[in-house]
Structures are given as structure tokens and as C-alpha cells.
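The structures come next, written out as C-alpha cells.
The same chain A turns up in both complexes below, where it pairs with chain B and then with chain C.
Then we have the complex of A and B:
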């Protein structure tokens, strides 16, 4: 028989024969790869689309200026700085802006007061166009309002429009559109109208600057910085980029990593599918070897199998991912429900060929890596041994090695101790991956430890006896089946524990900060004046009212503004150390993210831009805050009033008098409000507020839950494929048992017990591993990505449920697969020689 | 983005009978007072400081230039407390006519008056928009600095002749309705010294220029779509100014001018005394407008009708300021046998709603 082994014909036959005989197993491997690729690609696409829109939105409002001077606080800075800034050498043009937050109907829009004559040179994109019936002088008319399409809401040029700002209603005439504003709700009025009509005379909030053509940006920056008033900061185009990035990068990286984790699970599934397939075909390969095939040929054939699986899986995954992203954008919006990206509507989906290739490549690598180890083992088999038996080639009495697992775990723990890289917890995720690998590597050893007591015990039931014997006697096959289970269960449990801990901590925090019965808040910066506050305090049913207000202040131009929370009532409770402020200093408490971002600890001092001079304050404690990722600082109301003379408050926490009725008190409070601000004030019972906050939390993690579910399904599909593959491969063994008098029912029961035991061992190992990984997510990845900490909660019910589901589902799949295997004729099964 | 400011300058400058607060009309029989009338007249809707002239550089090069500051009152925000209140808008055009380039190099500025960045003094010529300035020094010279796209002019103008009051002692009618008129005086034969900066190179120049000062609240009469204007410095020291207001069909609605002989005698020209006879027409590749760029000017002088054929330095001297919201017009250096000056052709590109 002259066979040319270099020809591809025989390997192709073998491949096709295998796939035709076991389409489900091949399908599972492909699906696993496809899901990993699809998730990664979809998450990436959604983020890229949303980010792009967010960046464009920012650019629209900023209008594409080269450099900006921005108010550090919410009260603007003196307009006299504008001519000074405009006269700095190298400044080509300067455009002053009054920035307001206005209510248009029930919606908040950005309202910019601009000098069109200046904006035309600096930020032409926000220069409005007068509509029909209006000439260019309408651009200067104090009664003119121009809206972007997104703010139009069915209005027509010429309509009367009412805007509410700080509780003050002002009527305008819609005189045209801001065509360049894209899909951002934006209103434009003349800067003088903004100052006159909204009580901002003498103040501006921003100066957009265009550099002269030959100007050196750094020189201009330095020259401006030298004359900058204390209540203003410099920001450039690149700062916007880093803000956008800082805001969303942590979230994006988290989701991208989750997708990679799905891919990793896919790699394990490919590994287990290939390993089993190879184990079953060992005699085939042995025969090929005997007939003269080289080891390299066999290795090449198996790698080619993996490659083909990978290519198909990756291609399917990219298509699936694109569809998934389109669906997610339609259903959840560009922020995946996290609320990070402002703006309304759905951003257009951007296809990213580079990312498509990258994720397809990762899928391919996963498939190849998954095939590599089994292929290498198959190529190394001794033909004579393998031809005779399809049993386990590993001697059960040999102790499985533990050293690789230890090395991996040690490196992983080392990684967990390393700091974040540019705000991304790269090493944290690396640690998760390494510990996962360590867990898998320890699986053969762990399986023996867990099975040892069972193997020593003498069960009266032959079924259990047989099942244990089988698992004990074929350790590598058990380990292969277990690796898939452990990988998917471990990752799922890690995510579940982290999310449960996070949610629990958020819940605690909400209970802590929402201690009053009712909360009142005025939209935007609408202040409640003194008279209104007095009326609110005296309203029927009210025991005590603590007023508060908040505004953004910029501590560093490269970071988003920090929230300055002014509180007349209690300060937020401290976590950790709490010290009292030295006499004569002003005490503040800073939130956990602010503390981490600006490196603050109790007893640190920092400068706050309040008014025209910076104010030195003393940090007395750190408090937990999950609401403001960019940080918050709380200052006592009296100190704030003294410093700024600004006694306005826009929020109130209301405690009810004993026996007072919630609904009745709310209407009493509403009656105490002046009619002009009634529309912009919300009064909410604490319970509703809490429910709302948790709903937002759940929405933010909706995609995470989705990913988890997919990971579990992929894991279970892997279990099913593994057990069914093994059972079918053991047809001859079952035939032998039948000859020895074991009934079919007993064989099926034996398989069920085997499956349950596998599920149990895998479940225990996976849950233990997951709990360990969760600690890395909680204590390393989260603080590094989001700058907040949380306390671990164990979702015991979920853990038990997952364990039980795993045992039951693997037992059931094993029995289902077994029924098919034992239905063949016992005699023929034994005869089936190879 | 083109058309960012939809002809705001044009709209403000050319706007029809203003509604809202009334602007002061110009009247005959009011004497010009200096230096007060070198300064701004804020109660009048429109005003300009308009310098055109020739620059002679080293090596016998000749270039035309224009430096104009416009002021326009919007009638908006009399009661505003904001420093940004747009009561007065200032804008300025500068152009350099270099035959080596073949089209105008232009620059412009526009700003609302206020905060020290843009202002026009009411006591003497002192107009500023950002870094663009024009002012009158105590010795009577005017100095100006402007910088456009790839060029800058730093020039001073020394008057060698007294003020030439146009029309009836500075009351210049523009149409049959006596309210359609401006206050108008000129300073011809200004002696120019200064420098032109082009592409980083600065070169000393001398030359002759013409200053037009005009303010009005109702410039164009009903039915007028634009005007042709010329101011010529003749080599013998005489000066000729002539204009006509055009109807949409090109016919003259009104005309006028003045002739000051070398001996200082002034002849005021009425509607019957000025005729522009078009010869060639040049079509702008940018706007499609058709300009009569080399008309023959016929004026009736005491000694009989004088014919002055005008020849542009080059045809494409259209000032297309649409990008900055300015009107489109043709403003070009011209020569005539025995003299040189500037020709202005407005209302050819857009049918201005006047």
C-alpha cells in the first residue's frame, strides 16, 4: 500500500469524517469561539460609537477652539479678563461665552450666550443661522433664541419659546437654528442678553481661544497662565480628550476585559473539545503512525483542525458581534445603560475594521492555543499502547504535578500588588487571568484530592463504585472535562461576587446618605431663596430641613470638575480615620474617588477656587461616594457662606414630624414654593429615590449580567459536549459491563453519578477559584478603575444555586448522552475492535 | 464653514429704513467742526473712515491699497447693563492690490464695541478693532495699522490740502428725497509713508491716498441697488470725486461729485453733471458678478465736459468678504491720463435690499 503521507488527502478525510460524525462537538467549539469574539467585538463597537459621539458632543459645545479659559467654579469669572486674554501675543481670536443650564419644557439644555462676531472666528460650528423672516441683525437681538435640531422638538422659527434658568422664566423668539450642533440639545443667545436677562452682568464662564497661525501653543498657555484669575482655569483640546477618556475608560476596559474572559473560556472549550476528540481518535493516530505518518504530520493535522474551527468561529463571531452591537445600541443606548455619555438618541454604529481583525485574531489564537496541547500529546503517543486500548495513558497512581499551578498563582498574586497603568487596571486583569490558569493547572491534583476520600470508601452500590472507580482511574480525561467547567464557573462566580458586593455596598451607602424622609431638589442651579427656605421649614408636617447645594469646581484642568457639596446639615459619615480641623482652618470632607484622584488623606490641605482667590481648606475625613466618579468635596454651609457670600441652596433633606403623612407633606411643601420654580423642583420620598438609584445601578450592570449568563451557558454547553463525547467514546466499555451483567439502567445511573461527581468537583473548585478571583476584582480592579472601594458580600444563595445547577445539569447531560451509547447492541459494542 | 455670518456686515451697513429707535438724520446748513467731526457720530446709523490710495515701492512697483473702518449703530439694547451690549458694531476691511498677485489680498475685522477691544472715539479719529487701528495724531497725520491674510500695512497719511467738504458744505444728497443724504468730507492728496509687510518681508513705501469720511442714517434712496464712485488725485494737485446711485436696471437714480482745481476753487457737481459710460465688463469667477471695470467718466466742469477714461491696475479687484459676513464689492486702483485714484463699484454681486 503506497500512501503519500505528504498529500493532504488522508488528513482531510480524517477531519471531515470526525466532523461529520460529531457535528455537535465541533459546533460547540465554534460557538464558544464565536461568542467570545462576538462579545468582545460588540462591546468594543458600542463603546467606540458612543465615545465618538461623546467626543463630538464635547467638541460641538466647545466648538473646536484651540484653547479655553474656563471658570473653575459655577459662578464664572470677571469679564475684564476677556480683553486681557484676547490681547495676549499669539492669541489669534478670542470668543467670550456665558454658559447656562436652561430648562426648555421639561428638558435641560446647554444655553450659551455668545458674541457671534467673535465666535465666527473661533468656534464657527456653534454660530447660528437666522431662519426665514429674520435677517442677520436677529443674531444680536436680545429676544432671539437659536436652537439645535435636537432641542427643537417640533418648534418652528418665529415661535415664542420660554426658558427657565435659576427659577427665572424668560421668553424668547425662535429666530433660527444652530445647524452645526449635531445631535446635542443646545440653545444660543446673544452674550449681552445672557448677562442682562439671567443676572450675569460682568461675569463670563468661558473664553474660547484660537491661536494665531504662527503661535506656539505652549508659549500662549504660559502667558495666559501667568495672568489667569484664581477662579479660572486653562483647558485645551487634549484635555477634553483625556476627560472623555478618564470618564469612560474604566467602564470600557472592564467590559472589554469581560469579553476577553469570554474568549478565554472559549479557548478552554476548544481545548476540551479537541482533547476529547483526540483521546477518542488515539487509535486512529496510532494506526497512522504505524502506517508511516510522521509526528509532524499528525501535529499539523490537529493544528489545522483548530485553525479551521478558529476561522469559522471568528468569522461567525464578527458578524454576530456587529449584529449584537447594533441591537444593543438600539435597545440600551450607546452607554450600555451606564449613563456615562450625555446626549439623547442612538449614536450611529461605526464599523471598525481594525478592531474586527484584532478580535478575529484573538479568536483564532484562542482556537490554536486550545488545540496545541492536545495535538502535541497526540503526536507523542506510543502507537503500540494506543492501538490496544483507548483508556487513559496516565497511570492513576502517579501524583499529578502541582508546581506549574503554584508558579502561575505566585505570578498572579504578584500582579495583583502592582499599581494601575494610566488608570487602567491592566495587572489586575492579568492577575485574574493567571490565577484562572493556575486553578486549571491545579485541577488534576485537586480532582484527586477531592475524589480520594470517595475512592477509599467502600460504597455498597455498584453503580457508585463503578463511577468513582472510573473517575479515579482516568484522571486526565476527568481533568479535561473539569477545566472547561472550572474556567466558566470560576469567572462567573467572580463576577457575581463582585457585583453582589458592589450592589450591597451601594445599598448600604444609600441607606447611610439618604437618612431623611423626603428629598427636594431644584433642577440645574435654581436657587431657593431665603424666603422660600423659611416657608419650606415651616410647612405642615415638617420637623427639620437641612438645605444643601452643589456645584462643579475644577481642581485640575485635565480632570472633570469635582462636585462641591455645600451642606447645612450633617456631614457624610467617614470611612476610616476622622480628625478634627485645627482652629482657624476650614474643614472639608472629601469623597473616596476625590481622595484617590487628588492624593488626599485626612489632615491634607488643598486649595479650592471659591471666588476670586483660592481658599485653603483642611481635609478631616474621607467618605464613601459611588455617585460621583470624578470626586466630591463636602463643605459646611456656614463656612461656605462666609467664604463666598453665596447663600443660595438648591436642595433640601426633609425629616417629617412624627405621624406626618408623606403625600400631605409633599403637597404642603409644594405650596410653599413660588409658582415660577414649581416646574423645576422635584420632591421625592426617600424610598423612591433609593429604588431609582438601585434601578440605575442594575441598568449599568445589565450588560454584565448578560455576559455572565452567556459565560455560564457556554460553560454548560462545554460540560454537555465533554460528557457526551466521553460516553460515546466508551461504547465498548459499556458493552463489556453489559456482558458482566450490569443492566442498561445501571449504566445510565453510573453515568449520572459520574456526571454529578464531575459537576460537584468542578463546581467546588470553580466556586473556590471564583471567590478568589472576586477578591482581586473587588480589592484591585475596582479601586484602580473607579477609585472606590467596597466590602465583600457572599451571595450564598447564588453560589449554592450555581453548584446545584452544575451537579444536576452535568448529571443530566451525562445520562442523556449515556442513553444513546448503551442503546447499541452489547455484542456488537464489544466486537467493535477499534 | 462658509457663510458663518450671513452677511451680517452687509445687513447692518445696508439695512433698509431702520425700525426701532430713530437715528439722527443729516441736515443741510450744519457746518463741519474739527477735530470733532473726525471722530465718530454714534447717533447716525452708518459711518466710515475710508482710505484708498497708491503705494510706490522700491524698483518702481505700484500697488493699490484700501483701509476702511465702518461703524454701524444697531439700535439694540439702549437699556442694557451688559458691557457686551451690541449698540455699536465696528468692522474694517483692508485690501492690497498687487498686480503681481492678480487679485486682492484682503483682511477684515468685526466686533461689537466694548471692553476696550473695539471702540471709536467721538472726539477725533481714533478707531480700533483688536490690533487694527486708525487714529489722527496731534500734528494732523493719520496713522493706521492693519494686518490681513499674508500682509500687513503700517502707514501714515499727511494731509497736504484742506478738507474738501462734499455737496452743500458737507451735506451730500444721495437721492431725490432730501433725507437720503450723508455728511461727507474728503481729504484728497494725502501723502503716504510707511511699510508693507508681505510674507515676512517689510518694505518701505510712499504714495498718495484719499480719505473719505461719511456718516448717514439713510444712505441709499428707495430704488437704489448700489453705486459707482471714484476719487481721483490728479497730478496738477486738483481732485475729482464723482458718484452715481444706480437703479436695478443700471440707470442712474442720482449722481453728484466735486471738482477742486489746483487753485482751490471747488465746483460742486449735480445729478446732471456726472455720467459713467461703461466700456468693458469683467465677470468675477467667484461671484459671477459683472463689473464695468474701465468706465469713461464724463463730468461737466466750468470749462466744458471733461472725459476721464479710467483704467484698472488689473481687472480682478473684487473684495469678496462673504466669508466674514461682509458685502461683496469691487474696489480697485485705477489710473486716468494725468492722475490716479480708486474706483468703487457696489451692488453688482448681490441685489442689495436697500
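Then we have the complex of A and C:
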């Protein structure tokens, strides 16, 4: 059916006329939507680009095999399993791999030892190519090393290269490149050389498997699982994806949600802009209705206004978001400072048309939703009343309803009690949104309650009387202004309380776990041998040394490895219940994330892949750990030594003797280290370590603070736009007051009082709402997203500062807009009909 | 003999205002096509309410309002809106000219609501503006006009879609006597020329004198003045 353009003549005139008359107001609404869409899209693009590179890097290191047998612990598994795995029905080809983490200069790279002939059939992507002057025999030469371009760092084929692994330095000759490694720093050597030169004889870390063409993957998996050694697990390409995803999903979802908060604030700005614009134009719509326009026409016109604002805002937002993402990737890197994705350099920016459409759609929805309620109200206007009066459509004596707010709050609280969906706190965020909506829905009622004592008061100042009279007598306009304030302040305070609580809890946790004076750590799992440990213990200035080591163990192939922390000293302090291990069992403590991920409580047992067979251990307590989102398990050093025979330690917590000097002790400790590992060992005072940890925290949250700040600025812009629009729309009222003898200064003062009161009421409500929302973020969203808990901290200074800033800024905005409004000649102002 | 066509018939109309005060009860009147009736009465007696009831903007407690033989009570909201769009023109005391539309757009508004072709809308608006003494001002905005000029625009708008009935609610109430006389003459002249019926609510004896009949509204209904 063809569109009858004559049907849109009146809406078009009305829209164009409004936009011509108030371009700034329209521009503000467009900018609000654009900022929301831009932030959401930029964060998504940055995350997607970084994740794509991370996944590609992982695929490179894993070589793209159909299926892999992987070591569950850090010491590999016996190579005798290789021929058994290769002979399983359905396995087409198998390639054994020794996987090491090596230091090349001061940089860590993945070093794989492979059998080139077998890898060529299973994982050709990681098979190196001999460089100029080298033939195929170089591939089998134990002295040959092949590097990816990202690991070359200016070296040339033929150069000598030193690699440090486990404190042992080995020299190789660069014999060619690993062309298929992309931008991941990777080295390849012959598997026999890897075993021989790095003390791995008889052990391998991985078997890459290629399935026969007709093989059923599930059958092969089942057959392998039946013969799998205890210290190995099965993993496939889909596990890589879920590991990559699991590692950063909660972080990414949180950032996306924060960006959506900005979009939500933008929607409120559209709402307040539209609500005010419609309130001002109420007589216009009444006239149209008197002249025969239907309710549908009014509704359609206003929704079309919202749609056009949304389309322009979304289009600008997508362009802005793309530029923003490119800038962020260049300046901060793909992990936005969080360290989640690793890797070097800037990942290439991926344009995602689907995401662009999704975020543009969200912007459009925000604009439409922001317009819907005001449009509906405008269409419901009783024309005879609206034509007669310029006052508020709501009778000030009527008590505003509270039931909708109660219903929304009840559903929100119900949502908060629901579990996460695939590790994402969807219902938690839903609860935040619903409670926010409940808070806003309660505003007209709350404003009545908070303003009632003022309205009853008997101020002798006409300025204060007029200001209170206005707020009391025009409740729906006051409610619109307050909604914007409450939405932006509520979200800002919620985020601020959450971050303050998190930072405070991290600070406490650091104080608990970093109780020694100095910490020593060796890069790349470099072990400190027994003689070195003895020398360190006897070093001048040292009172006590507790050694420790860490290694990754895989408890579930689909999840990132869990950190196994071996400690010779005290165990980490428990949170909550702590029980004794029954006699004859091995006690472990598990971190909060590990407890949540693997459903462990004190008295639970679990099997750890230690040594050649799984070991059943008993959980005695849960401890707080903000360092490893994928979980950690702490075991006593003596028990670990007994179970594995592995007595190596790579870390130490050092307590100084009374009066010992920090710098002098560090020098003494360094003198106790063998020269071969001096470069890879760091000895750091506790204070520096804490400062560094908090700096990392702040860097991780820098993007959070940034997004929060933008949301607040958008919110404050909304408050300013709302206040000034309301003020300017009252030019006629001011003209009338001046006819009655009120001075311009008194009118500006009256507006200042009004603005301050609005800021005060909105601030009180917004801060209260924000504190409530923060509880959802702290006790629902964070535990569900990151698997850790925290205690609430109230940033009292910040809360007071925000309240004061809000009162001052809304008073100032109202006064500035008021100065403009009273600059009109009083006689002309009164004559202006509407 | 030509029998005049009955345009508006009101029977047994009763209306109370919120709070229960009775405005009128048993009100009846007839208006023929091309006839102009002035309605007078004290403030608050319900003159404007009567016009609202005739336009379908308000609902009576009892009684019947028929326009062109159609009972308003039989129409739903869309039907009432369509009736106003096609058959009724309005002139208000407070002008109600949209400030952000040009004079031509303001005048052409009723025609545009009827989905007339844009060229026809503009041509009719320019012609009507010329007829009310505002030739060449079609692209001006209302902010540039005096009160008298604004009411001229309102009269032009009321006539734009050639309505059968024009409802004028104290159209000269905001104007000085000299301008009021000119505007009244213009309104009645245009109304006669268009052959439309008219109901003129007024406090002015001068204005009432121009009407074919003058009725006074009281609590018992309308009586010939």
C-alpha cells in the first residue's frame, strides 16, 4: 500500500516547527542517545577485537587439533600413553608435544617441543619453515629454534638465541620461522631436544590428535577417556572457546552493562526532554484535538519524533563508537587495562555489523521508550482543560499512587534472588533496572512526602514561598525533573559504592595475604633449589622465610586451569566456617571463586591431579582471593612434597629480623641467589607490592570509572536541560510576577531556591536508591559474575560531595536559565499566549 | 418557499460541573444553516461548556445534541474527531495560534488534517489570509503579529475547511473596542460569505447585535433576549 504523504503533513509541520524553535533541546536528546550507543558499541568492539586475537592466539598454540590429551597438572604425563592414544580406533594421527613457558630476553613466550613429521599431519599450522641457508634437516636438529614473527624482536635466521626455562639457560640457533603463528610470540624446537635439555625425559604435556575421516568424535572421546591416565584430561576445540569465553565473560558483560547504563541514562534524557517538550506543547495538542486530530495522530507524531531522534542518535553513536574503539585500542590496548587477554601490541579493530545493528537498535528503543510515556500522556490530554489552563495537568491535592513502585520493587527483589544464567548475572542486572524503575515510579509520591513539611511551613520570604508553591503546585513537572536526577544519581552512587566496597575489600585482603616484609618470586616457574633456599633463609637480616610455589591444574576441561598454591608457611585466613581435616586425609583450602565454580564447601572432598594418580583431598575452609577469578586451591607444602616428590618452590615470603634494613636485606638475598636466575627473580617490599596491586586494580577499573563519569555527565546534562527547559517555558509566569512587583533578582533567587530544593530532594532520593542498588551489585551481581564476595564500604565523602554538587549545580542551572527567561520584556512576556 | 436546512438541534440538555453544581437542565435550541446566533450570559453560567458539548469535546449528563441529523452520543471518539475535522470551525478568545508554524500553516491546519493536497492547502491559506487583510504575510510567524492580527489568522483558520458550523467563544474578548468591531465585522462577513451557521458566545452587546438571534443562557436554559 502506498503511503499517503498528505497524512503526514500536520505531524511534519508540528515536528519541524518544534525543532526549528528548540534546536538545542533536540540536540541534547540526540547527543544523549549517541553517547550511550557509542559507549556500548565501542566497549563491545574493543572486547570483540581483543577476544578474537586471544582466541586466535590460543588456537595457534594449540595448533588446531581435533582433540587433545592435556596434562592436568604442571608436570606433564608419561609419554608411554602416546602410543596407546595413537592406536585408539578412530584416531587418524597423533602428535606428542612438550609445552614450556620460556623467557626470551625479559619476555615470556610459549615454547613447544614437537615431532615435526607427526605434527605435519595433525597440526600443520605450527610446523616451522627452515630459513635461508637451512634445509629440512634443521627441523630435527636439537640446536634449532624457530620463532614466530612476534617473538623475533629483530633477530635474523642464524643468530644465537638464549632461552631460560626453570632457571636453566639453553642456547639455540635461530633456524627459521613459524609462519602460521600470527601475532602470538611462539617458539618451536624438536621434542627430543625439549625433553633432553629441559629435564622432561619421558614426560610430555600434550598429545594433539587428528580424527580419521569416518571417525565419530564422541566414540573416540569415550575410548580415550577410558584409558586416560589420572594426570591427563581430554580437551577439544570447543573447550578452547569456552575457556577463552569463561576467562573474561563476566568482565566483558559487566563492561557492556555499564555501557548500557549510559544508554539508559540517555533514554531518561530523551524522556525528560520529550516530557517537558510535551508539557509545554500541551495546549498545541489540545488545539489539534479540538480541530479534529485523533489521539492516534498525536501519538504517532510524538513517537515519530522519538524515532527520528533515535535514528539520528544511533547513527551518530555507531560512527562515534567505532572511532572511540579505534582510539581506545591504540591508547589502552584490547583488555582496557584489565590484563584479561594478554598478548602484545594492539589487536586489529574488527567491525561487527551485527553488533552495530544491535546497539543502534538499542539506541532506537531507548529513544522510543523515552518518548512513549510522554506521548501517551499527550494523546490522553483533555483538550478543553488544556486549552483553558497553563497549569499542571495533575491536581496537586491528589496523592500520587505508590502501587506501581511497589510492584516493580517486588519483581526486582524477586529477580535478585534468582541464579546467574551461564555465569552472567542477567537477573541481577534485571533487578537493578527494575529497582531503578521502582525508585523513579515512587518519585511523585516521595516528592510529596519530602516537600510536605516545606509546603506547610510559614516562610515570610516571598521568594521561598513562590519556590515551594511552584514545586508543590506543579507535581508532574517536578516529578519529571526529579526522575532524571534520581536515575543518574542512583546509578552513579550504586557504581561508586560497589567500586569503593570492592577496593576496600581488596585492600583488606592484601593486608591479610601480604603479612611478610618482602616477597620473592621467580618468573616462569623457575624453581629455587634446596641449596638456594637454605642460603636465602640464612641471609643477613632475615628472620623467617616461608617458601611457596604455584602451578596450574585442570579440574574441568571446559574451564580455565585452577591455580594450585603450595605453601610451606601459614595457610590463607578462612572466611566463614573452618573445620579440621579427619585423620589420614589431606587438607586443602579453596578460594572463594573455586568454591563457587566447583560447588565446594568446608568438609567437601575433591580429586586433584597430582602426580600419576588423582589424589582425594578434604576442604577445611574457604578463603578470599581476588587475584584468580578461575579459582585457587592451597595445599600444605609437606603434604604436596609427599604426594608428588616435587619439592621445588619459586616464591618466598620473607620476614625481617628486628631492626633489619629493607634495602640491605634485599641485597643480601640477591647475593644468595645463583647468577643464572638473578634476571628472573624479583624481590619486592610489601608496601611496593600492595601499591602495585592497587594500581593494577585502579587500572582495571579505569574504564569503569570512565564509563561511570560519562553516565553521570549525561545525567547531569539531563538535569541541566530539564531545569532550563522548565524555566524558559515559564517566561509568561515571570512576566506576570514582574507585573505584580516581583523584581528580576527575586525571580532568579526563587529559581535558585527551586533548583536547590529539586537537587536536594532528588539527591536524597537518588543517594538512597543508589545505596540500595549497590547492595544488588555487591551481593548479587559480583558474586554471580566473578565468584567473589565483598563487604559494603560507604564512601561517605563522595556521597556528601555528590549531594552538595547536585544541589549547587541544579540551583545554578536554574538561575542561569532564569536570567535568560527574565531578560524578556515583562509586557511582552505576559502577552505571549503559549 | 425554501425550507431552511436544520444544522444543529439540542434537546433536553443537562450538564453539571465537577462538584455537582448544575449549569443547565432542559436546554433546547435549533440552528439553521447560514444562521448566526449570539449566546450571552453571565460568567460561569456555562456558555463555553455549551460550545464544548456541541463540539463533542464534553459529554452532557442528559439530552441530545444532533449536528446535521447525527446524534453526537452515537459517535465514538474517532467519530467525534472526524466530525469536528469536517464540519466545525473554532475561533477562541485567546487566539490559540501555534507559534512555531507560519501563518499559512496555521490557517491550512484544518485542511491538512483532512489530508488535502499541499498545494491546495497553501493556496486556500493564502487566499484566506488575503481575505482577512493579511495578504503577503503567509510566511510570517505569529510572534510578529498583533492581537488583532492573530485573531484574523484564527478566523481564517476557522474557515479554511469550509465548515458548516463555526463556534466562536468570545472572539473579541481580548481586543480593544475598535479592533473588536473590525474583527467582528470580518468574522460575520466571512461566515455569511461561506454560508456557514454560527454560534457566537459573547459579552458584547455590539457583537450580539450583529447576530440573527440573541439567546441568553440561564440555569433554566436558553431564552430569547
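Operating definition for what follows: the second predicted complex is superposed on the first by the 827 of 834 C-alpha atoms of A that agree within 3 Å, B and C clash if a C-alpha of one lies under 4 Å from a C-alpha of the other, contacts with A are read in each partner's own complex, and residues count from 1 in each chain.
Here is the rule we go by: a contact is a pair of C-beta atoms (placed from the backbone, for glycine too) under 8 Å apart; a residue touches a chain by one contact, two chains touch by 3 or more.
Computed from a predicted structure; not experimentally measured.
Engineer: Just chain B (first), just chain C (second), both, or neither: which does A:450 touch?
Structural biologist: In the superposition, A:450 contacts neither chain B nor chain C.
Engineer: Now for A:284: first (chain B), second (chain C), both, or neither, which partner does it touch?
Structural biologist: second
Engineer: After superposition on the shared chain, which partner residues are touched by A:514: those of chain B (first), chain C (second), both, or neither?
Structural biologist: In the superposition, A:514 touches no partner, neither chain B nor chain C.
Engineer: Touch test for A:13: chain B only (first), chain C only (second), both, or neither?
Structural biologist: second
Engineer: Which holds for A:295: it touches chain B only (first), chain C only (second), both, or neither?
Structural biologist: In the superposed model, A:295 contacts chain C only, not chain B.
Engineer: Would you sort A:82 into first (chain B), second (chain C), both or neither based on which partner it touches?
Structural biologist: First partner only.
Engineer: Is A:464 contacted by the first partner chain B, the second partner chain C, both or neither?
Structural biologist: neither
Engineer: Of the partners chain B and chain C, which touch A:315 in the superposed model: first, second, both, neither?
Structural biologist: neither
Engineer: If you look only at chain A, which of its residues touch chain B in the complex?
Structural biologist: 79-80, 82-83, 86-87, 96, 115-118, 120, 124-125, 127, 129-130, 135-137, 139-142, 180, 190-193, 195-196, 201-202
Engineer: List the residues on chain C that touch chain A in their complex, please.
Structural biologist: Touch list, chain C to chain A: 52, 55, 57-58, 77-78, 81-86, 88, 90, 92, 94-101, 105, 109-110, 112-113, 115-118, 121, 147.
Engineer: Within the complex, which stretch of chain B touches chain A?
Structural biologist: These residues of chain B touch chain A: 1, 4-8, 10-12, 15, 74, 76-77, 80-86, 89, 110-112, 115-117, 130, 324-325.
Engineer: Going by the contact rule at the top, pick out the chain A residues touching chain C in the complex.
Structural biologist: It comes out as residues 4, 6-7, 9-10, 13-14, 17-18, 20-21, 283-284, 287-297, 383-384, 387, 831-834.
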